[in-house]
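All chains are identified by letter, namely A, B, C, D and E, in their written order; residue positions are counted from 1 within each chain.
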Amino acid sequence: MSGITLHDIRKAYPGGPEVLHGVSLDIRAGEFVVVVGPSGCGKSTLLRLIAGLERCDRGEIVIGGRRANDLAPQNRDIAMIFQNYALYPHMTVRQNIAFGLELRGMPKAERNARAEAVARTLQLEAYLDRKPGALSGGQRQRVAMGRAMARNASTFLMDEPLSNLDNALRVAMRTEIKELHRALGATIVYVTHDQTEALSLADRIAVLKDGHLLQFGTPAEIYDTPADMFVAGFLGTPAMNFLPLDRLSPSPVPPGRTIGLRPEAIRVHADEPSGLALPAKVLLSEMNGAELILHCETDAGRVTAIAPRHEFSFHPARVWLGCDMSRAHVFDSRTGLRLEHAAMEV
Amino acid sequence: MSGITLHDIRKAYPGGPEVLHGVSLDIRAGEFVVVVGPSGCGKSTLLRLIAGLERCDRGEIVIGGRRANDLAPQNRDIAMIFQNYALYPHMTVRQNIAFGLELRGMPKAERNARAEAVARTLQLEAYLDRKPGALSGGQRQRVAMGRAMARNASTFLMDEPLSNLDNALRVAMRTEIKELHRALGATIVYVTHDQTEALSLADRIAVLKDGHLLQFGTPAEIYDTPADMFVAGFLGTPAMNFLPLDRLSPSPVPPGRTIGLRPEAIRVHADEPSGLALPAKVLLSEMNGAELILHCETDAGRVTAIAPRHEFSFHPARVWLGCDMSRAHVFDSRTGLRLEHAAMEV
Amino acid sequence: MLRKLTPYLFVAPLIAFIAVFTYVPIVSSLNLSFREWDFLTPNMPFVGLDNYRELLSKRDFWASLHVTAGFAAISVPLRLALALLIASYLTRETLVSRLLRGALFLPYVTSTVSIAVVFSWVFSTDYGMANAALRFFGVAKVSWLQDPTLALWVLIFVNTWKQLGYDVVIYIAGLQAIPQELYDAAAVDGGRPGHVFRRVTMPLVMPTTYFLLVISVIEAFQVFTIVNVMTRGGPAGATDLLVNQLYRIGFVLFDIGQGSALAVILFVLLVALALIKSRILGKRVHYEA
Amino acid sequence: AVTVKFWHSFNKEGGEALDKIIASFEAANPDVDVEAEFVGNYNDIVAKLQAAIPANRAPDAVILEVTRYGLFADRGVLTDLTPYFDADPLKDDLYGYAREIGVYKGKNYIVPFNSSTPVLYYNKDIFARAGYTAEPPLKTFDDILAVSRTITDKLGADGITGIAAPGQFARWGLVMGNDSELIDSKTNDILLDTPNTIDAYKWMSSLVYEHKVASADGVTEEDNGRDAFLAGKVGIMLNSTGNYGGSKKALGDNLVVKPMPCNKVCSVPIGGAGIGILASSPKDVQDAAYKFISYAASPEANATWFAATGYLPINKKSAALPVAAEALKSQPGIDVAIEQLPFAHGRARPPVVTWMRTTEYKMWEAMALGQRGVEETMKDFAAQTRAEAARQ
Amino acid sequence: MKPDNPILAAAALVAGLLFLSPVLYSIFMSFQTADAYYRGGLDFTLDNYGRAIGQYHFARYLMNSLIVSGCVTVIALTVSTMAAFAFARFRFPGGDLLFAATVATLMIPSHISLIPNYLTLAKAGLLDTYAGLILPAISNGFAAFFLRQYIRGIPRALDEAAYMDGATPLQVLWRVIVPLSRPAIFSMGLYVFLTEWNNYIWPLVAIGKDDLYTLQIGLARLYRVNPGEGLVDWPLVMAASTITIIPVLFGFLLVERHLVRGITMGAVK
C-alpha cells in the first residue's frame, strides 16, 4: 500500500501533439481515486504512465515515496486491470492467475497454491480449470482481479474495467469492486468515462479534460461545487441546465454570467407559482418510470426538468418552471469558471 | 398511413426451433409502437416478418386492411431503418436517399429533387455529396431516416436504430425521432432492448420474451400495472425489488406470493419509523448526484432504495426501509403473474 | 539499451534473408545487365546499354511482350468475371456450395506441373480428352498445342482452370463481407436482382476486384510452369511468355547480360503496372464502412 | 581408384549399349570408376554444362555434339587432348572423317564416340497399304513429296501421315542435299540466307504447312515425329542412323533404310558426338578419363556400339569384329549410312553454332507452322546469327 | 449449414465432377496398363506406381519434396513470426522502412533474382544441396505481413499485462503471441508448405542431380524425357502425377477450411 504522487506530468506520443499538459495529482495510500473525462482526454495515458507502460516527457512520478520515472513496469509493484481484462485466452483461470508468479520464478506448487487461495477469496474455485472464453463477463472481471491480487501488489490500476458489461452486471460489479477495495485496502486508480460510475465508486474524483486536470475532490464536492461549467455539465444526469443570467433576471445584473441549475433544482408547475418561474413550452416529455423528463423551450433557452409522473397524468404542453435559485451555480460565461457565493445575489 | 394486425404469428428459421410462438398484435394507424425484450427474444424476427424479409410459418399479417402474408417486401408500402442504418457506403447521401426511388424507376431529376427536399427537412443539405463514411453517427442516422422518408411509406420499421450511438447522442436522437413521428403521422414499429427508450418513445409498448408477447399497453400501464414479474423487473431503473410476502408480514399470509416494490415506493429512515419498515444493513451506498442509491441487505432479501443525498450527508451503515404497501405489486411466486387488487390485503 | 535493440533482433533473420535473396539480387541483376557474359569466361566486360539495345531491337522480345499482354488481357477479365458470377451463387453456407467451393479450389493447391502434365494429355492430338469430346460431337480432331492460334488459348484455359478457385474463394469472402442488411434494405425498397447486383454488389466488391486484378495481372506476367511443361513457348513463339523468354535467354542460351536486362525490364514493368493501377483505380475503391 | 564423372545423352538402346561398354572398361581397368549419368539430349547437355561452369559442378568427361563443342573449346572449358591423342595408337585406327570431327582450330578437343549421318527410313507396310507394290523413287524433294502425299491421301483417315517433319539434323542434311550449307565449313561464313538454303527450308516447311503431309506434332517436339514413325503412324522418316537400332526393334522387317535424297547434289552432314575432358578436372582424373574415351573408340567398344545402335563405325578395325559382321549380315539397312560416307561432310563448329542451333528450333517452328514467311525468317535468322557471331 | 434442394445438389455434384474430370480421369488412367489405355480396354494394374517409385525414383523425389517444403515451412514461420511480432508491436527507427521492404517482396517478381541467386549459391557451393533449395524460399515477406496483420488484431493489452507481470519480449512472443496466433500460423504454414511444394522454376535451375529432384522436377522430366517406347507412356506419367498430387490432396481435404481462411484473411485485409 503506497501513495502515488504525480508532479507536473507532460506527455506527447511520438510524432503527436502533447496529450497531457502538466498534470499533478496526489493520491493517498489506500485511496480509491476515479479519473473521469470525455473520450480522448488522456485518462488511459495517465494510467499507462503510472504503470510504466509509457514514459513521461516531463514531470515526476513518485510511487511509495520513490521516484519511479525510470522503473520498468514490473518493478513498480503495481497491478493493472485492463479494459477487456486482457486475460490470456489460451490459459486456464489457474494459469492466468499464476502467470505473473511464474514469470517471477515462483515454483509451480507454490504459485498454484497461491492462485487457488486467491480464487477462493473471489469465489472462482469452481472455474479454475476453465479458459476465459467459457466464463461470463462478471467472472472474467473477477479473474482479472485475481490476477492482480495474486501479485500482492500495493496499487491497482483499472482502465474502464466495466465498460464492456451490460447494465445490470455493471451495477453488480461496482458493488464487488467497492467491497474488494474495502477488503484489500490497496490504492486504486480507476479510469472511466461514465459519470455514474465515478460518483458511486470514488473516494475522490479527478476530472480530466483535454489533458488538463480540472478538479480533484470528493464526489460531493464535485457535484455540489463544480469548479467550472464543464465539470458541472459532465457529472449528473440529466445534465445541469445552463441559462444566461441576464435573460433570467428582470433586474439589471452583471453581464457575462451563466446560471447553472440542476434539474432537481427546478420544480414543474402547471400554473404560475410564486417566486422565480419561467413559462415553458414542452418539446418532449419522456416517461421514465415514476418521473417525467420534460425537455422545454423557455425564453432563456432549453431547459430539462423532472416532474413526478403522478402530478401530470397527461403529457403537458405548457408548464411553469420554478427555479430554486438557492441551489443555482453561477459561472463566468467566458472562462466557464465557477463564481463562489455569487448565487445569492440574484 | 395504415394499421398493422398480426394474428397468431409463428415462425421458425429453417432447421431451427420455433422463435415466435403465436404473437398477436393490433397496431393502429399512426401509432408509435415499441417492441422491447431481452436479446434473442425475437424482436428483429417480428420486424422482418412485417417487412416481408422473412415469411411466417403460421398466422396472418394484415397491413392496411389487406392480407400481406404473400406480398413481396417492396409491395407492402413499408420503409425500414436498420440497426447499422445499412447505408450504401459507395453512394453519396443524395444517392442513398434517392436509391429507393431509383429502384422504383423514378427519373433521375425527379428523384434528386425529392432527395433534396427530404434532406432539407432533416437539415442534411450540407452533406448531400458526402459519402456515409464521412458523416457522424447522428448524421448517418438522419440519412437512414431520410432514405425511409423519401419513399413516402405509410409505415416505418426501425430495428434498434440508436443502439450504436453514444449516450448523449442517443438522447438527442430520441427527441428527433419523436418529432418526426409527430410531423409525418406515420405508423412506426420500433424495436429496442433499452427500457428507457421504450418508456420515453412509445405510444404503446409490446414486451416480448422468448417469443411470447407478455404485455401490450401504454408506458404508464406497463409501468404501473405490469402483467408479470418479468415485465415489472424489465422496465424501470433501479429495478423493482421482489420480496417474499411471508417474510415481510408478521401476520400469516397466503403462501406463494411475492411482493414487488419499486425503489421509489421505499423511504429510507435513519431511525425506525412508524408503519411497515424493515431494518437493513447498507452494503453499498452509491452517490448518484442528488440521490444516494442504497444497496441493502434485509431479513427479507436484498433491497435497493433511493434516498435524497441531503438527508444523509454521510454514508449510512444501518437504515430502516419504510415500505409504502399501497404502491406494492403482488405476484404469484410460481407463475410470476400479477395478482390484481391483492396488494391491499397485507 | 537492450530494450532499444529488441525489435531489430526480432526482424534481423527475416531481413537478412530478404536482403540476400531479394534486394541484393536486384542490384546484381542491374549490374549484370550492363555486362556481357555466358558463364564460361572468367571476366565479364562492361558493355553499357548494349544488352538493352539489342533486346529491344529483337522481334522475339516484342512478340513475347505482346503474347504476355494478350495472355493477361484475356485471362484476367475472364477469371474475374467467371469468379464473380460463380461466387455469387456460392455465397450461401450450404453443403452443396461447400462441396463446389472445395472442388473449385482443389486445382489451386494442386501442383502446377501435375496440372500441366494432365492437360498436356487432355489436349494431346491423338489420345486427348478434348479431341475425344470433339469426336463425340462429330468434329474433326484439333492440334491444340501445335496450332499457334490455339495454344495460347489452351494455356489461358488451363491457367484459368487452376486459378479460378482462388478467385472464387476471395470473392466469396468479399461478398460475405457485404452486410446482409444492405440487401434487406434494397429488398424493402423494391430492387430487381439485376439492378441490385449492378448498383450494390458490384461497387461493394470493388476492393476485392481491385485486389484480384492486381494479383492476377502480376501473376499473368509471371506464368512459367505451364508454359515450360506444356509448350516451351511454342509453337512458333505463340506462348512465349516473358518469364519463359527470361528462362530461355538466361538458362538455355546463357546470355546472362540480356537475361538480366530482361529481368530488370520485367521488374520495372511490374512495379509500373502496380503503381499505375493504384493511381487509376485507387480513387474509386476505398470506402470507409 | 579414380572416379570419372561422365555425362552422356543416351538412354534406351544406346544407354544399354553404353552401360555394357563402361562395364567392360571397368573390368579391364579396376582402378578407374566411371560414374555415368544420362543428362538428356545434346541440347540439354550443352545447357547443363554451361550452367555448371560457374557452379563448379561440371563432370570430368562429357559427350558433346560435333558442332557444339567449339564454344567450350574456345572458352577454355575443354582440355586440349592433342598430347594424349598424338601418343595414342588409336589415332591411326580411326577413319579420317572421324578424326576430323575432334579438331577445333588445329587442336584435338574431343575423341569421336558415336558418328552418324541422316538416312531415310520408311515403313514398308504403310507403303504397301498406300498402293506401292514396288519401291517408288525417293531421290528428289519432289519424289518424296509425291509419296508423302499419296500416303496421306490414302491413309489419312486411319491417322497415318506421309512423312515425319524432319528434325534439325535431317534439316541440315536436306540443306546440304540442296547444294548449300548453314555455315560454310571452311570460312565459317553464315549461309542461312543463301537461295539454296532458303529453298530447302521452303520445301521442308511446305510439308507441314502447305501440303500437310507431315504432322505439326513433330515440329514442336522433334521426338514426336520419331515416336509416331516407330508407332507405325508415319510412312517416311528422315533421321540419324543412330535411330536404326530402335526403329528395327519397333518395326522389324517393315523397316527399310535408304540414303538421304540428293535433290541437287548428294551430300550429308556427319553428326554424332565425341567425348571431351574438362580442363577443371585434376590431372589424374583427366588421365583416367582419357583412358576411358580411348577405350570407347576402340574396335571392341565401337563394334558393340555400332551393332546396337546403327551409329557409324569410327574405327577401321570394328567392322571386322564378329559382333559387327553379324550385325551387318542380319540387320539389313544398317550399312546405308556407311555407304553414304563418301559424300558425307564435316560441319563448321565456331562458338556461334551452339547459339544458332538453339535458335533454329524457334525459327523452324515459325516457318513450318506458317507463322512467318521462310524468306523473311531466314534473312532475319542470318542477320541475328551474324550479330551473335560478331559478339563472340 | 442449411439443407439443400436434392435436385440442385445433384446438379452441383455433377458440375463439380465435370470440373475435376481431367484430374479424376488421370488418376483412373494411372491404374491402367499402357496397352489397355492405347487400345481402349480396361486392365487394372499397380505396375505404373511400381515403376514410378522404383525405376523412376519417385519415392526419392517425394522425400526430397517433403524435406524441402518442411524445412522451408519451419524456418520461414520462425523468422516471419519473430519479424511480424516486432512489426506489429514495436515502433523503432527504420521499422516502417523495413516493413515496407518486407511487404514489397510481394510485388517483386522472384524471377529477377533467378540469375543472381544462382550465382550466389554457386559461389557458396550450395547448388545441388537441400540448403540451396531451402534458403532462397525463406526470402518472402508474405508470411510476415500476414502474421503482423493477425498479431495487430490481438489486443495489445495482453502484451502489456504480460510485461506488467514481468515478462521479457521473447516471453511475450513465445508465451502469449504465438499460442494466440496459432490458427494464423497454422494457415500460413499450410500456405508456405504448398507454395514450396509446388515450386518449379527455382529447383529447375538450382538442382542438377537426380538425387535431389523434387517431385515437380521429377514429373516434368518424366513427361518431357519420354521413357516409353514410341508414344508417351501416359499411364506411367499419370501415376507419377498422382503421386505428386496425392499428399496435397489429402492435406487439402483435412485442412481446407484453414487454408481457405488463411488465404482469404490475407486478401481481404
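In this text, a contact is a pair of C-beta atoms (placed from the backbone, for glycine too) under 8 Å apart; a residue touches a chain by one contact, two chains touch by 3 or more.
Computed from a prediction, not measured in an experiment: that's the story for all the values here.
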Least step count from chain A to chain D, where 1 means the two chains touch: 2
Chains linked by the largest number of contacting C-beta pairs: C-E
Relative to chain A, chain with the most remote C-alpha centre: D
Centroid-based (C-alpha) most distant chain relative to chain B: D
CA centroid of chain D to CA centroid of chain E, Å: 41
Centre-of-Cα separation between chain D and chain B, whole angstrom: 93
Whole-Å separation of chain centres (CA-atom averages), chain B against chain E: 55
Computed distance of Cα centres, chain E from chain C, in Å: 17
Residue list for chain E, restricted to those that touch at least two other chains: 2-3, 119, 205, 231-232
Multi-partner residues of chain B (each touching 2 or more other chains): none
Touching two or more other chains - residues of chain D: 51, 54
Residues of chain E defined as touching chain A within the complex: 91, 155, 157-158, 160-167, 171, 175-176, 179-180, 182
Sites on chain C touched by chain B in the complex: 179, 181-182, 184-192, 195-196, 199-200, 203-204, 206, 287-289
Residues of chain E touching chain C in the complex: 1-4, 8-9, 12-13, 15-17, 19-23, 25-26, 37-38, 78-80, 82-83, 85-87, 90, 92, 95, 98, 101-102, 105, 107-117, 119-120, 135-136, 138-141, 144, 169, 173, 194, 197-198, 200-201, 204-205, 215-216, 219-220, 223-224, 231-232, 234, 237-238, 241-242, 244-245, 248-249, 252-253, 256, 259-260, 263-264, 267-268
Chain E contact footprint on chain C (complex, rising order): 4, 6-8, 10-11, 13-15, 17-18, 20-26, 28-29, 32, 92-107, 109-122, 124, 126-127, 129, 161, 166, 169-170, 172-174, 177, 208, 211, 215, 218, 221-222, 224-225, 228-229, 243, 246-247, 250-251, 256, 259-260, 263-264, 266-267, 270-271, 274
Touching residues on chain E, where the partner in the complex is chain D: 118-119, 121-123, 125, 127-128, 205, 208, 210, 225-227, 229-232
